[in-house]
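What follows are several structures.
There are two complexes below, and they share subunit A, which is joined by subunit B in the first and by subunit C in the second.
So, the complex of A and B:
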């Protein structure tokens, strides 16, 4: 009888062990770290709220958050619009539909490092293909990655290209759940394609839009590989994302306690943003 | 029936759990079993030639020392050797000996108390003064007065140049003015689109601390005859030499003699002729010999210096050194092995195998070494340069110092958002605050 009671726990133990080792312990340990300074190999030193005070005075961290928001402002709308447009197109009866669906998904499965290196070459100021094309039609060159005012937006475009395939698939799933009789009724009423899209498709796929919004927000906040590979956070810290800054504090300067504090602070910001988004989208849904 | 099945399931689960725990136990004990016998563990870098050197060295040692065996392995693969060492320190699985630690990292590990001071070992001080000059001994001495590293190898950074291109622009530029002049001549818009496609030189423009070693720091050492960046917990780099170097690079970027783009992401710009010079070490020789086009001829020269500079040209030596971790149970044996590892004979073998220079003061006077350089003309300038090199200041926050300077360098030199004087003053202030807060 007792064994029967233990068996369910034993069966869920792989998940529990995983949760304890890879989620609960790191989160608990990080929380503990926020009250200490630690360089990994020396003993920890308790500093109370010292790390939190330091965060409040760290201008570069707030700049990194601002950079990340700049990235999100371009990346999220662009991602949703492009993904929705592609999904709508790929939901029609077009030639080579399976091929295009696969092709748009391809960048999602390619390593972020590889994609970053390829785009770095496309974005080259003097040698990049984009600027060569622009020069050939008489347009001035753009400092895609060398102009501090442009670099983060360039990365946002690249990240959109890389991730859009995933959201195309999500939107395709959403589009295919819309009952066809709604469109048939709209056809009988003489609705245009745009009217059907605006008044049937969009409201019906609102849950998918919310999911894409949340996923791309969280994904966008974790921006790291692209600036790490392409710019190192420059020029003039204009592409220094919050996660890249936290990484530098942890693994270049070995300020583990401080980086844990930054991590918690940043996670709190993401939580707030997602919470506001949820309220906003749900209100729109009503 | 059901109860019988449950019994069987229970036994199966117990068996699986038992096997899992056994597996975990065996994995976790993997390193402990290494330490149980008396073998010392020596990690080399994972560069092919260094592995070959270490393999031969250990094989010979073990053949002659049956009771004092050394176990060799290349450092495990990882994003960087430093990360691996850190992980090993935390996991208490450090080797006894590690040969290939960047000089700038040693103080960090020493301050954390995980290294054995060599000066506590018999005969070390006599040995170190026979191997290195007093300036180098001062450089590697920790702030606590101990020495935690043996200078092992150096890769002096020099200016590689395309011979044909240099002939076209009138010879090797030795000073800043000559470098500007040559840059002006070499700069070219090949396709007539109004934009430059060919620059005289290039240095990485990313604001990453280690890149500073290959532009600002390198030329700062050259201009100042090897002056330090920090001294006695104070920034000392805000001086005329740093200002001259800032002005030099600023001029290069302002006239587009250097590209602001990251050229190294594509094809090697030196091999394709997009640039005629760059600041690099002897490792470039093996790379070029393997991949360069047949018509590319190259050589090395000292890096440029201010026009009024007198005397020899110093440079950054990119030193990699040897340490003993405090997990070593037999430091005396480790020291005995190391003396053999960096003996004249083995330094010579290392030089021949790897084309990297041993960090010893008699490189240009000992006939055994001069003979090698006479046969390898590409390597010879590095031997000459080896007499005038510096590593980095011994400070546990040296990377943060580099990071502060490179941020200001970028703001001032590459983007001109602040004056050079302001940039250097801001960097100086930030470094001093860093010292105050630790």
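So, the complex of A and C:
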């Protein structure tokens, strides 16, 4: 009997241990950290709401959030439009369809570090292939990663390239759920390609579009690897994303307590955005 | 004016799969033509080739004398009602019906007028603001028809439009579509696997089997003069009975069933065309309603041992066996019969059909 009572706990213990060690403890510990300062080496010091007051006065943090939003504003629409276009194309009867479907998905599974280093080469000012192409047709060189006004958008384009395959797959699934009779009926009614896309495809895959919107919002907010590898947040902090700033506070400046506070604050912002989107989606469903 | 003409139409998938083989027929102006046949015989494929939704492998398709093999669907001026209606779920009834007109940038006032008129004909006026999800099967079916008629196309194609409806609604919609055909004076090609629909709605029926045309004729001609055993068995409900037997000469010409238990005198009352089948196998076909009560042994009457009775109210179906095969007779409901009992029956000799067992073709007089 006793053994039978313990067995279920034993069976779920891998998950419980994982949860306790990697989720509950870090969250609890960071929450505790938000009320302290700690540089790992010296003992913690209780500061009450000091960290929170500091967040509200930290201009750089708000710049980082602004940078992240700048990234999202380019990244999300670009991602949705490109993914939808590719999915629609790959849903036609074209040659080598399986090959293309695989090819567009490849960057998703390749390590973000590798992709970032590759694009760093492409974006290089003097030796990058992009600028060499530009100069060969007589256009001026662009400081893809060195011009503060451009760098964040360059990263957004790269991130789109990397992630678009995932959303292509999601859209393909959505497109394939549209019954072919709808298109046949529209063919008989005299609809053009564009009219079919506009009046049938788009409304029919609305749920998929919203899903992609939310997924890419959450994904976009956690932008980190790309600026970390490619620019380190520069030039002039123009590519400093919120997560990168939090990371720097923790592991460059060793402000563990403050970094934890930023983390919570930022999580709260993401929560609010997703919450608003969710309300929006639910209204659209009716 | 709208005439359709199919000349040696063939549809192949790949090299081997021929789903429509050498099909030729004409649809006359304002005609209601029904394509009927068992599942998988190529009815939908034929219809979809007329619509332009399916490529024609070989042969020629003419609409009003114009070769349209390579014309895209939208330029054929055809409307189609699909089996599952294919109504756009995100549009209201009004928008569903208006969609085709909007695409053709018809003026708004004209669109509204036409939609309202169609809605009136089909009794949909109160439902125009609803989405398809909020409609019953019959209402959806009507919207699908409405979407077809607002555009005033040359030709209407229907692909089993009633098969998703319950029996009662099906009967009602059958008459409604027939009425619509008269009101609109439209040319209609209608696909069904239901022989009742074919019989009651069609001006003419095309019977298909395995991608081949078996017979084209008016419903009554198909019913009374089927060209082969397949058509004879397919049209009519309950289906025609078949009895295998032989033509023999013993003091007159007789048909004798294979088990020898049933004998029907053929001469001297005619059937000279059966002479060539003397002492050969032959198949006798008789419709359930052409079996009657009475008759003596001498006059080819016989005794049937009743296996099953199906009272229908206005009539009764009586099942018995010949050659160990089920035979059904359609008798007046007042018939005094019980399971296990017997009845004296006789075949109506004016209404017999004979088929060559090899070719299964009817033996012509």
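Basically, the second predicted complex is superposed on the first by the 267 of 286 C-alpha atoms of A that agree within 3 Å, B and C clash if a C-alpha of one lies under 4 Å from a C-alpha of the other, contacts with A are read in each partner's own complex, and residues count from 1 in each chain.
Everything below uses one rule, namely that a residue touches a chain if its C-beta (ideal position, glycine included) is under 8 Å from a C-beta of that chain, and two chains touch if they have at least 3 such contacts.
Since the structure is predicted, the reported quantities are computational estimates derived from the model, not experimental observations.
Asks: Specify the outcome, clash or fit, for subunit B and subunit C once both structures are aligned onto subunit A.
Replies: Here subunit B and subunit C can both sit on subunit A without a clash.
Asks: Go through the superposed model and pick first if A:124 touches only subunit B, second if only subunit C, both, or neither.
Replies: In the superposed model, A:124 contacts subunit B only, not subunit C.
Asks: Applying the touch criterion given at the start, work out whether A:233 contacts subunit B, subunit C, both or neither, answering first, second, both or neither.
Replies: first
Asks: Looking at the overlay, does A:182 come into contact with subunit B only (first), subunit C only (second), both, or neither?
Replies: The second partner, subunit C, only.
Asks: What is the value, to the nearest 10 degrees, of the angle subtended at the Cα centroid of subunit A by the Cα centroids of subunit B and subunit C?
Replies: Reported to the nearest 10, the angle reads 150 degrees.
Asks: Which partner, once the models are overlaid, touches more of subunit A's residues, subunit C or subunit B?
Replies: In the superposed model, B touches more residues of subunit A.
Asks: Between subunit B and subunit C, whom does A:89 touch in the aligned arrangement: first, second, both, or neither?
Replies: In the superposed model, A:89 contacts neither subunit B nor subunit C.
Asks: Least CA distance subunit B-subunit C after superposition, rounded to whole Å?
Replies: Superposed on chain A, the two chains' closest C-alpha atoms are separated by 49 Å.
Asks: Following superposition on chain A, which residues of subunit A contact subunit B and also contact subunit C?
Replies: In subunit A, nothing is touched by subunit B and also by subunit C.
Asks: Where on subunit A does subunit B make contact in their complex?
Replies: 3-4, 7, 10, 39-42, 117, 120-121, 124-128, 132, 135-136, 141, 143, 145-146, 148, 230-237, 248, 251-254
Asks: Taking the touch rule as given, give the residues of subunit B at its contact with subunit A in the complex, in rising order.
Replies: Subunit B reaches subunit A through residues 6, 9-10, 13, 17, 83, 86, 89-90, 108-109, 111-114, 193-197, 205-209, 259-263, 265-266, 274, 397, 399-400, 403, 407, 410-411, 414-415, 417.
Asks: Quick check on the complex: what are the subunit A residues that touch subunit C?
Replies: 179, 181-182, 184-192, 195, 199-200, 203-204, 206
Asks: Tell me, which parts of subunit C touch subunit A in their complex?
Replies: Checking each residue of subunit C against subunit A gives 51-53, 72-74, 78-80, 82, 84, 86, 88-90, 99-100, 103-104, 147, 151.
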